[in-house]
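Same chain, two partners: subunit A is paired with subunit B first, then with subunit C.
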Partner chain A sequence: MQDTFAILIDGKEAAAHAGETILDALRRAQVDTPTLCTHEHLTPAKACRACVVELKGSRALVASCERKVEPGMELRTDSRRVLEARRGVFELLLSQNDVSAAPALVLQAERAGADRERYRGQRYDRGLHDDNELYVRDYDKCILCYRCVEACGPDVQNTFALTVAGRGFSAGIAAGYGESLPDSACVFCGNCVAVCPTGALMDKREHTLRAEGRWDESRYDVVQTTCSYCGVGCQLELHVDRRSNQIVKVTSPGDHSITQGFLCVKGRYGYSFVEA
Partner chain B sequence: MHEPVLLRRQGHPDATLEAYVADGGLKGFARTREIGQAATVAVVTESGLVGRGGAGFPTGRKWESVRTAAESERYFVLNADESEPGTFKDRVMIETDPYMVLEGVLIACYAIAATRAYIYVRGEYRGAARLLAAAATQLAAAGHLDGIAPGGRPLAIEVRHGGGAYICGEETALFRSIEGYRGEPMSKPPFPTVAGLFRKPTVINNVETIANIPDILSRGAGWLQRYGTDRSPGVKLFSVSGHVGRPGVYELPFGAPLQELLDLAQAGRDLRALLLGGAAGTFVFPGDFDMPLSYEGAQSRAATLGSGALIAFDQGTDLWRVAERLGNFFAHESCGQCVPCRIGTRRQHEMLAALADGSGGDGERERIATLGQVMTDASICGLGQTASTAVRSLIDAESRGLLAV
Partner chain C sequence: MENTDLIILWGSNAREAHPVMFHHMMKAVRRRGAKLVVVDPRRISGVEFASMYLPVQVGGDVALANAVACAILEEGLEDREFIERATEGFAAYREVAFAYRPEDVERETGVDAASVRRLARLYATADRAIICWTLGITEHHNAVQNVHALINLALLTGKVGRYGSGLAPLRGQNNVQGGGDMGALPNRLPGFQDLTDPAARQRCADVWGAPVPAKVGKHQTAMFEAMAEGEIKALYVIGENPVQSEANLHHVRPLFEGLEFLVVQDIFLTATGEMADVVLPASASFAEAEGTVTNSERRVQRLRPALKPPGEARDDLWIVEELAIRLGVPGWAHRSAEETWDELRRVSPIHAGMSYARLEALGGIQWPCPSEDHPGSPFLHGRLWEDPVGGRRAPFVAARHEPPAEQPDAEYPYMLTTGRRLADYNTGVQSRHYAAPRGHHEVLEMCEEDMARLGFASGDLSRVVSRRGAVEVRVEASRKMRPGLVFMSLNHPDEVATNLLTLDATDPVAGTAEFKATAVRVERVAARAEAERPTEEASGKHA
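After this line comes the complex of A and B, so read on.
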């Protein structure tokens, strides 16, 4: 039996289940909460701080994606402190990052009332890492959400090709010890690409088509199929360009019981034989 | 004149175990073995000792939660990372009396039944690390570590060296560093006493905190209260630097007036301001030099003692330039994990640079204040949460007309 108890959200009583996070409870109570780094299949990185809430008795705000509920917790999600902190997080990100491939981030920033002009200063200028045939890395777009590190590491892939290097404003994602991807431990499963929320990691084909102005989602059909390479039975979504009948991208549904959205290099990138 | 307690062996010839014992050393530890673990922790709790590493948490309470923890694997960590700008009292404490510091470690380890002790020393403090390692070897050779660890085993003391990151003084980042990971702070709760080093119950104490322990045990729970004030019992080490005649470490009972410390350090009469409490402290102006140096005394002037750092600035100092240097420090030392601090400290430094260069204006002041609140509220750890404290105290002082020359 699930242990259920009451907590207070903005003065209203809500049900919470032992072991879940504050964010889980907020979502069930339909309290709109911005999030950037948290991901349903990954350990909360509590790094972006967009989901902070006020917890009675706590000096600083707490990250709702990580903090577990406790009986009697009194939370505020609508106080000035919370709203200003969230707005600040988005304003800081806008002052640093190239958000051109992160429409979800921009939308959340607008909803938080972020003013693009408030903070100005040095922006990321890290150049494009285009060192392999399968995906590119544009760290000017990276918000250091840690999703790729966790997906490549113990949460999914256990390959540990990615890590955070440097500190402060210079902190960023590195493959191995600053090597190119082919020289690192990377096995090109693309699971980091699948979880990246900003477009910093992007399949090479999508990146090329976008660069040529030929990426047009309205032309793509999603075809469901089962991967034919092995007996695991991963479900694939083939994004197929209706006009050219070309596969432009392969993904897997995040709620699929076998894959949870994660694939291996063959399922995700080994599709050119179809076109041969 | 205050007779030094913690620094009473200053000026003694080379610290040796024999000299330490001849001078009454190891009595506290003998007492601990006599009265046992629970009574030892009770004495520390009753003494009123609170942490000297900056947060001021009651030491006995920490020890008690680990002593009574369900898990049998526990650790003790001595925090000798000391990287706060203007803070050097732990170094002086160790170099003056490494055996007293280690006796405190033995008492702590015995009291909480620690399976192992770690001493995390700031990387640049090679001399201090050598002294501690040598003293630990001497104590082991003389059999003083025997039977401290559970099961009657000798206590293993491991000295670790920091790699030059201020953030690794923050307790949870320090644990990560010992474990071999990037020094990134973790959220609290869980607190170290519940899930600390290697996720096991851990007591982590500052060097100065631990240096108080031997006397508290040998002289009794009431000893500390012979010094200081009701709410801040004991003595405090202050690191004084900047525009003073005799910079150095001074020991005073809590509650002594700030002016007394300035006189000891031969500060001139032309001081413009002090930075009290380190980079995360506050600016204090001459009108407050009568402030009692106690936790409550500082609080009553909206200041903080922090780790006891005091940097003095004379009339010729451009305080906005000082603020810019502080901003640079935080931007440089942020671990980069969370957005408010990673980007916020950089933006703060840029705005402070503009103010120091005279190109910034009221817009910058307002933005710094807004940003400061975001960093304070939303950052993961104490670094981001306090990165704007000093700067905001300067803006506040300016608005009260205190910066007028």
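After this line comes the complex of A and C, so read on.
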């Protein structure tokens, strides 16, 4: 039996289950909460601060993605302090990041009432890292959510090719000691691409099609099938352009018990034999 | 896999060959604190996460498993209650195991006795443990004995038939399990039913409207023998590339040349296809066809068409049906994949409950699934824990150490073992097309000590010679190797035909060849600078 108890969300009583996060309880209570770094299959990095709430008795705002519920907690998600903090998170991101490939982030920023023009400072200008034919890295779009680091590291892949290097405004995701991906420990599973919320990491094919103005999701069907390689049986989502009869991207369903959205290099990128 | 306490990777390089399975293993390690043990001649990369690494000799697996059993028995750590209730043949097994004291068989196993005893304690005292193996166990001339040796360990300690405990052969291809399940074995009917069982034959005959011959067929090795003797004159090959994938290719190729008629059905014109009288172009099943495949955990999952196949390529199912129709077989017509599957459900009791709708709704179902209200079976052999045991007791089958058919000697001083690399797959028919960032190339992996002894630097060209053939390949320093051991994959046969070297000593029951153990010598051909690759292809950018 699950241990269930009551907490207060914005003055209303809500049910919470022992062991879950505040964010879990907020979502069950259908309280709209912005999130950027949290991911259902990754350890929360508590990096983005978009999901903060006010907790009675706590001096600082708490990250709802990480803090576990406790009986009798009194939370506010609609106070001025919370709303301003969230808006500030998005305004700072908008001031430095290229968000052109992050519609979900833009939507959340709009809902938080963020003003694009509030802060005018330095913008990221790090250039595109295009050093292999499978995926590219555009760190002008990176919000340092750490999802890729967690997926490459102990949560999923255990490859540890990606890390965060530098401090402050210069902090960024790096492969090893800044070498190219083919020279790093990267095995090109693309699981970092799968969890990237802003398009900073993007399959080369999608990146090329977007750059040429030919990326058009209205033309794509998504068909779920089983990978053609080893015997694990990973489920693939083939994103297929109906007009050109071509696969434009391969992903995996996040809710399937085998993959949880994660694949290997052949599953994600080894499909081009059907085009040969 | 995520809910076990000990995972033994025995002859399995899961981190490269089954990467997503390795994700699950690492969840057990990181979230549950499970221990990982690697038993492999190569110091594979998974070792960095392992509590123990046992550098077993190539072909020393039975000796090592028996030594582990001996240590378990000497310390009285066996599960007596389970053995007495659920197994048979223990006395004979025990006697054999005692002949393998860890201290006495270090030469055969390659593993120091203290490590063997430590593994014995770890395995016997774990609450739940899984032994995973791959081709390191089965690509040997005594493959079946190797498997028995591992099964015996599970029976000895009761590590089978419980959630989180068991024996897990990791399948190398997306439907190698399903192919066998569908009856593509010489002695089985669909649903793994015994061909010699009259009731099973009758069940099929009733649905198929034709009698089912009781004669056991030939596995591939026996078919090759029959081709050599002229008994088999025609061959129909579907989705296989045997003139590159089989061992001892100098022997295999003439067998195919000697056929009167060869039909090859494949998605590409493979090297085998180039020899064929008739080539039937097939669609790529995972993206261009409807159907099902069955994975390592016996989970049946759907394949769905996303693309229109190129040119005249047709679905495998359509081709086989069309062939039957044109041969005038009564009762055949073109049917959908689902209709064909529903027929299978009528002849195979373990698949009976798996409608397409349920496969869709449940994200795949693990057999046995006998009825539409059955959820499927996450693990097998739970009956062994019933008291009294349900059905037949599980037999110990004592295995004895037999070294590989070839041992290194003065003329061929190195042991070549083979396998798959992460970015590539089998004979490369599928995998060579995508732009792998480090290219698709073969190398001979060798330890630095051996390279120094032979005067090699990484990138130098070598000639690798076995009793059957020779290939030229670049040498690469590898920390996975130890002195006397070298490694190549089979993934790039057009560049380096590794199987010209390998030995076709085969297991008498399974027919599997000993791809894992070939005695070779390594000769120097040219330094790297003299033999740079001629084209830009090396970068793999335009595969």
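Basically, the second predicted complex is superposed on the first by the 276 of 276 C-alpha atoms of A that agree within 3 Å, B and C clash if a C-alpha of one lies under 4 Å from a C-alpha of the other, contacts with A are read in each partner's own complex, and residues count from 1 in each chain.
By our rule, a contact is a pair of C-beta atoms (placed from the backbone, for glycine too) under 8 Å apart; a residue touches a chain by one contact, two chains touch by 3 or more.
Here the structure is a predicted model, which means the values were calculated and not measured.
Participant: Please determine, from the superposition on subunit A, whether subunit B and subunit C clash or fit.
Facilitator: Overlaying the two structures gives subunit B and subunit C room side by side.
Participant: Tell me which partner A:Ile258 touches in the superposition: subunit B (first), subunit C (second), both or neither.
Facilitator: Touch partner of A:Ile258: subunit C, not subunit B.
Participant: In the overlay, answer first, second, both or neither for which of subunit B and subunit C A:Tyr229 touches.
Facilitator: second
Participant: Considering only touches as defined above, state whether A:Phe5 meets subunit B (first), subunit C (second), both or neither.
Facilitator: neither
Participant: Of subunit B and subunit C, which one touches more residues of subunit A?
Facilitator: C
Participant: Looking at the superposed set of three chains, what is the minimum CA distance between subunit B and subunit C in Å?
Facilitator: 15
Participant: Kindly list the residues of subunit A that each of subunit B and subunit C touches, one partner per complex.
Facilitator: On subunit A, the subunit B and subunit C contacts do not overlap at all.
Participant: Touching residues of subunit A toward subunit C in the complex: what are they?
Facilitator: 132-134, 154, 156-158, 181-182, 186-189, 221, 223-236, 238, 240, 245-247, 256-259, 262-267, 269-276
Participant: Over in the complex, which subunit B residues touch subunit A? Could you list them?
Facilitator: 165, 167, 182, 184, 187, 331-340, 342-347, 350, 367, 370-371, 373-374, 376-380, 385
Participant: Across the complex, what residues on subunit C touch subunit A?
Facilitator: 17-23, 26, 30, 49, 170-177, 267-268, 284-288, 293-297, 299, 301-308, 363-364, 422-423, 425, 429-438, 540-541, 543
Participant: Which positions of subunit A touch subunit B when the two form their complex?
Facilitator: 46-50, 52, 60-63, 66-67, 81, 84-86, 88-89, 92-93, 95-96, 118-119, 121-122, 143-144, 163-164, 166-171
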